[in-house]
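Before any comments, here is the structure.
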Amino acid sequence: MDTQEQHDRGLELRRKLFGREAVEMRMNACGEFGKPLQHIINAYAYGDVWQRSALPLATKSLVMVGMMAAAGHANELRVHLKGAVKNGCSMDEIQEVLLLLTLYCGIPAANEAHRIAAEVFREEKLI
Amino acid sequence: MDTQEQHDRGLELRRKLFGREAVEMRMNACGEFGKPLQHIINAYAYGDVWQRSALPLATKSLVMVGMMAAAGHANELRVHLKGAVKNGCSMDEIQEVLLLLTLYCGIPAANEAHRIAAEVFREEKLI
Amino acid sequence: MDTQEQHDRGLELRRKLFGREAVEMRMNACGEFGKPLQHIINAYAYGDVWQRSALPLATKSLVMVGMMAAAGHANELRVHLKGAVKNGCSMDEIQEVLLLLTLYCGIPAANEAHRIAAEVFREEKLI
Amino acid sequence: MDTQEQHDRGLELRRKLFGREAVEMRMNACGEFGKPLQHIINAYAYGDVWQRSALPLATKSLVMVGMMAAAGHANELRVHLKGAVKNGCSMDEIQEVLLLLTLYCGIPAANEAHRIAAEVFREEKLI
Amino acid sequence: MDTQEQHDRGLELRRKLFGREAVEMRMNACGEFGKPLQHIINAYAYGDVWQRSALPLATKSLVMVGMMAAAGHANELRVHLKGAVKNGCSMDEIQEVLLLLTLYCGIPAANEAHRIAAEVFREEKLI
Amino acid sequence: MDTQEQHDRGLELRRKLFGREAVEMRMNACGEFGKPLQHIINAYAYGDVWQRSALPLATKSLVMVGMMAAAGHANELRVHLKGAVKNGCSMDEIQEVLLLLTLYCGIPAANEAHRIAAEVFREEKLI
């Protein structure tokens, strides 16, 4: 497949997952300098890996939440928590991921992740 | 609930997830010195957090695989890959988690995780 | 021991270590969503591990400062720096921990930890 | 060599790399408490390791950018991005380092690093 | 560009950087299960990011060595140390990267990296 | 102070902490290539930071154990566990550090650290 096609289907999925406006904002955040990174995100992440279909999107979102919290990537965790909510994950499901995180990555990582999740839930009017 | 009860139901679940023999081996690996850690694992991890029921065990296993691979914990990744297989996760599902890992945590983390997964699949006669 | 008892003695110690007000604030930060995490912190961390008596509280605080700084957990580092001061650790003792950190975890980790420690010392009117 | 000499030649190089004012600010940020750390930075980092001459300063800066981004040290990354610009590295060269980072340390690390780089380039009037 | 083309030119560069035999071995290490990861490595890493030309290959290798050592990826560090030697980096240049690592990521990371570098230099008959 | 003097008093302390033979082995592990790193370890770590006297050596050892376990540096953790035993730390004290680690850095880090500690205790004929 041509990488431009991959890019386009990736961008389409990305917009579906996070909303058109949020994606637009992130795509323009670094201007020209950020173009090649955005190409990688659109074509290789959302246009390739996220297109696979062994797992439902909601499960992928929960895995992403666990991975980003485990790796300590606060901003990306917030992005994928929003995605998880959009993909239909319940607060109880997300909580269960973050409680596994507590025992397996420690209390400080869990405190950060809970704080960010509570912010996202408030923004999404869930609490 | 009494922590001893929590410990016992935790140990029961742990044996179900990983097999009685594997758990026995890990519980005795550090002798007396390891007792309080094993209590934490049995009573607080498997007797509390893993008892929650918002997510099916297979989904928890996939999340654990993602978190352990993201955090670079090779031995624990192997344990939870075995658990994932026991919980009915397919190789395709595990592969999808590890491909998300590739893009979001980088190629070296993915190389390690693939290597360990392939070993586990061979031990479990899946490949 | 019942986990509720463990929780209560843990909460008592936690308040003694960090002050009632600070603990109240942290316990309510994530509302209902944060309850199970707070249970883990009170019952399993402060109600179990922190109850052990081989090390004086001041030594535990210094170890916590070293571990949180090494793991790059800025918020938790601040919490345990406050705890260290409350537990009677001197600025010279804390400085020695942070200088070991400098050589063994690198200058950037040390810069962050020094910045946070200086803020805590100012808040505690030590400098 | 006397460590005071090492300190002085280190401070000189550090000022050349980052500007006198920026160095002054960082040296005073933690007052007395920060003195031994500043000695380590001046005498051991800039007075010893940075004095070596197998690599041109611009290459060292690019390596520092890669290392700090890989280790997730945002503040130090900013410092060495400024240093890289001062040492004559082009935006294209820095971009190439950050694209390697994308594939080898993952998209979240790359997002952070691009965001900081774009800020630095704006401050330096390059974009 | 078609991703297959990208894959092919990537594989060509990868073989040039590390030798045909070493690449063959790594490409087959995980069999079918590893195919999509190998596609990412060939098409997106070596077929895209590594094709950029702002930096000479030797500089990219030094940056990779710094990033992999900073992130604690021992196996990948070994791969890129071999690549650095193949790309004409001298032991003195590599040493300078590892001494920056010592001060900025700490002595333990530096010990590991030196150990691996010394092994690679012995295998390459440089020491 | 001259850095050679610093080096010499550092080497003396290092030998006292870990034994002459162990230090000799580590100093020669990387031959000529490792010389500048060994200078940093002797002169800057053991000749400067470890010479400070606000904390007893046993407390420094416990802090080092916590930091190295938190940062996931297995080899260095082993070195400082040996040092802790030599400095008179009891198994109960070390256990308490590793149980704090369990809650604050997670079960996988604790499993690794317990495994290494049990090996060290066996080598030192404590268990």
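Couple of notes before you dig in:
For reference, chains read A, B, C, D, E and F in written order, and residue numbers begin at 1 within each chain.
Following the convention adopted for this analysis, a residue touches a chain if its C-beta (ideal position, glycine included) is under 8 Å from a C-beta of that chain, and two chains touch if they have at least 3 such contacts.
Owing to the predicted nature of the structure, the values given are computational and were not obtained by experimental measurement.
Contacts with chain B and chain F are shared by A, C, D, E. Annotation: the B-F interface is duplicated by E-F among the options E-F, A-E or D-F, judged by over half of the residue-numbered contact pairs being identical. When every chain is reduced to the mean of its CA atoms, the largest separation from chain A belongs to F.
Averaging Cα atoms per chain gives one point for each, and the point farthest from that of chain B is the centre of D. Between A-C and C-F, more C-beta contact pairs join the chains of C-F. Two copies of one chain, chain A and chain F, form a contact in which over half of the residue numbers belong to both partners. With centres defined as mean CA coordinates, chain D is found 40 Å away from chain B. Mean C-alpha position of chain D lies 23 Å from that of chain E.
With centres taken as mean Cα positions, chain C sits 29 Å from chain B.
Taken residue by residue, chain E touches two or more other chains at 40, 44-45, 49, 68, 71-72, 76, 95, 99, 102-109, whereas all remaining positions touch fewer. Note for the complex: chain E touches chain D at residues 44-45, 49-50, 52, 54-55, 59-60, 62-71, 76, 90, 92-93, 95-97, 99-105. Looking at the complex, you find that chain F touches chain A at residues 103-109. On the chain A side of its complex with chain E, the touching residues are 1-3, 6, 40, 44, 48-49. Only residues 29-34, 36-37, 40-41, 45, 68, 71-73, 75-76 of chain F touch chain E when the two sit together in their complex.
Within the complex, the chain E residues that touch chain F are 72, 91, 95, 98-99, 102-103, 106-112, 114-115, 117-118, 121, 127.
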